[in-house]
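Chain IDs A, B and C follow the sequence of writing; residue 1 opens each chain.
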Amino acid sequence: MLDLARIAAVVRKDVRSELRNRYSINALAMFVVTAVATILFALRSESPGPASLSGMYWVVVFFSAMSGLARVFVSEEERGTALTLQLTTSSGVLFAGKLAVNVALTMLLTAAVTALYLIAFPTFVLRTPETFLLTVIFGSIGFASASTILAAIIAKANSRGTLYPVLAFPVLIPLLMTVMSATERALEGEPLAAAAGDLQVLVGYCLIMIAGSFLLFDFVWSE
Amino acid sequence: MNHVRLKLTDLQKRYNRRTIFQQIGADVTGPGSLAIVGRNGSGKSTLAKIIAGVLSPTSGSVHLEVGGSEIKREVRHRSIGFVAPYLTLYDEFTAVENIVILESMRNGRAPAQADVEAWLEEMGLAARRHERVGTFSSGMKQRVKYATALIHRPALLILDEPTANLDEDGARFVEKVVQRQSGSGIVVVATNESHEAAWCRSRIELGTR
Amino acid sequence: MAWVRIGSILLITYTLVAGILTPMVPSPQGAFEFPLIPGLEEKARNIFFHVPSAWTTVVAFLVALWYGGKYLRTRQIEDDLASEAAAGLGLMFCILATVTGALWAKFNWGSFWNWDPRQTSIFILLLIYGAYFALRSAVEVEETRARLSAVYAILAGLTVPFFIFVLPRLVGGLHPGAAGDPDGTGPVVSLQMTGPMFIVFFAGLIGFNLLFVWMFDLRVRASRLAYRRSLHEG
């Protein structure tokens, strides 16, 4: 079942394709910059506290992810290469590969948003960096795991762009509430132990979503 | 040579409340060949995809056996090659890259370079092997698809409209491929052309009422 | 099915009449008086309608989930039609629960919406139902629509444990039994409801569920008939 070489081949294919076209990365980078700039305009000279900052941080991540993570499947479906993939890989291998790509993309995304926030907001200080790091890592994995199978679903539907956040939001709410709470703790400077509960929930969410996606993906992918 | 057997039992496909075909059955033991014929819209491509395992039938079953053991649908792609005009390659990759990438996704390792070169040579693509497939004509893309479908020496080869987009030279090559495959494994040809159907020893006729 | 129809009519009629007409007195005696709970007063009557509709919403979601899973195994369009019927009714009960809840919240907690955990949960359930139907209308091929919506329902169902166990920990609650319950109305259901209230409450609960079963059965049979007829015509 676990077929790392084939999974790696799927990842390599996507990375190579991305390097050649730069469809996702450039657009995604601009999206992040635009979103953060909009928030800055809206706030003018206000200096938001930890609660609003952690909320706005994940709002930017959420909408950027919604604009970028669907590509892994939408591009295959639009170009007609979905059939080619079906004829060359099993659904488990393909899903693992696409999931890995999306996890990497989400981590890049959070890294970019973090960098921008550190520059743009003087009050965005990571007082407990270890909490923040763990939150961002597991948050990215959780984000990507729920978003990847939803990307596969919307790739088969019409009106993909609007449908994606509509489908993803209810599924991502438990994750969003938890990462917002944990990020707030990291900004407040609460010790790592205070966020232990949040982190447990995050890990649980990742495990449930990954297991569920693996079981359900074949139903989405094979007609 | 490995023993190959393809058995279709009472296949039915319904799509959006419309029955495309029903009660389709066949039993081919390799070496052998099977033609799927029928007018436009009778479901030739649908049946080809069902045999390939990328589409599931509404009822009935497809049974593929290689070397005495059943090949489950999840791994059927490792034992089959599939060529069709509606199959799409990656435009941003070159001919060589397409073959290597698809093959390493299928087998977990890249094919031997000599093998890739040999196939490209045979397909008459050697001169343009490092050009992006996006710049190719549809006939040349079709040739690359043959290379990707044949390089892992599949037990079952499925060809939907095998000579679509191909010139005379290409068509002769396809005939050779069909003959070679029907001597070593099983080849399934879905076609409108009677002379292509005549390449095969058994046939399924769709859409006859 | 006759007993379902008769049962739901009788129970809901009883709940309506008894729930609204039974007088509320500070120290109730006998079967025809309800206790006057301080902080809730006459507003407590809403419990006979609000809680059963919220409960039926969840039941409908589970039924939709069950038939979705069944479709993935059997690939019979009839199962998908049942899943859709259950989800449609669930959406209706979900709106009822949200509206009755918001009204109650306005008069008891001061505003229509407070982001109390259960309000949040019902809101998310509303979003899930909405997303489910948005997805269905975005897919044209019936088999694909059935597959995708079943998978989505199951995926959404996977998040339910988080709403039950995690949400109340993150957000202070106002519902009875929660930490933030303001004027000590306490766990109404378990402590302050008396026998006669319980009877009306459970009559409402069972009555609403029977009503769901009745409507579900009607919708499933109607859509099956339409489906079979279209098969013959096609």
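Here is the rule we use: a contact is a pair of C-beta atoms (placed from the backbone, for glycine too) under 8 Å apart; a residue touches a chain by one contact, two chains touch by 3 or more.
Remember, it's a predicted structure, so these values are computed and weren't measured experimentally.
S.K.: If you tally the C-beta contacts, which comes out ahead, B-C or A-C?
M.R.: Result of the comparison of B-C and A-C: A-C.
S.K.: Measuring from the mean of all protein Cα atoms shown, which chain centre lies nearest?
M.R.: The most central chain here turns out to be A.
S.K.: Of all chains present, which has the mean Cα position farthest from that of subunit A?
M.R.: Between subunit A and every other chain, the largest centroid distance is to B.
S.K.: Whole-Å distance, subunit A centre to subunit B centre, using C-alpha means?
M.R.: That pair's centroid distance is 37 Å.
S.K.: For subunit B and subunit C, what's the span in angstrom between their mean Cα positions?
M.R.: 52
S.K.: In whole angstrom, what separates the CA-based centres of subunit A and subunit C?
M.R.: 32
S.K.: List, in ascending order, every residue of subunit B touching at least 2 other chains.
M.R.: Residues 56 of subunit B each touch two or more of the other chains.
S.K.: Specify, in ascending order, the residues of subunit A that touch 2 or more different other chains.
M.R.: In subunit A, the residues touching two or more other chains are 223.
S.K.: For subunit C, which residues are shared contacts with two or more other chains?
M.R.: 140, 143, in rising order.
S.K.: Quick check: in the complex, which residue numbers of subunit B touch subunit A?
M.R.: Result: residues 49, 52-56, 73-75, 77, 80, 82, 86-93, 97, 101-109 of subunit B touch subunit A.
S.K.: Within their complex, state which residues of subunit A touch subunit B.
M.R.: 3, 5-6, 9-10, 12-13, 16-17, 20-21, 79-81, 83-93, 218, 222-223
S.K.: State the interface residues of subunit A toward subunit C in the complex, per the touch definition above.
M.R.: 146, 149-150, 153-154, 156-159, 163, 166-167, 169-171, 173-174, 177-178, 181, 197, 201, 205, 208-209, 212-213, 216, 219-220, 223
S.K.: Would you mind writing out the residues of subunit B in touch with subunit C in their complex?
M.R.: Against subunit C, subunit B makes touches at 14-19, 56, 58.
S.K.: Touching subunit A in the complex: which residues of subunit C?
M.R.: Per the stated touch rule, the residues are 72, 124, 127-128, 130-131, 134-135, 138-140, 143-144, 147-148, 150-152, 154-156, 158-159, 161-163, 166-167, 169-171.
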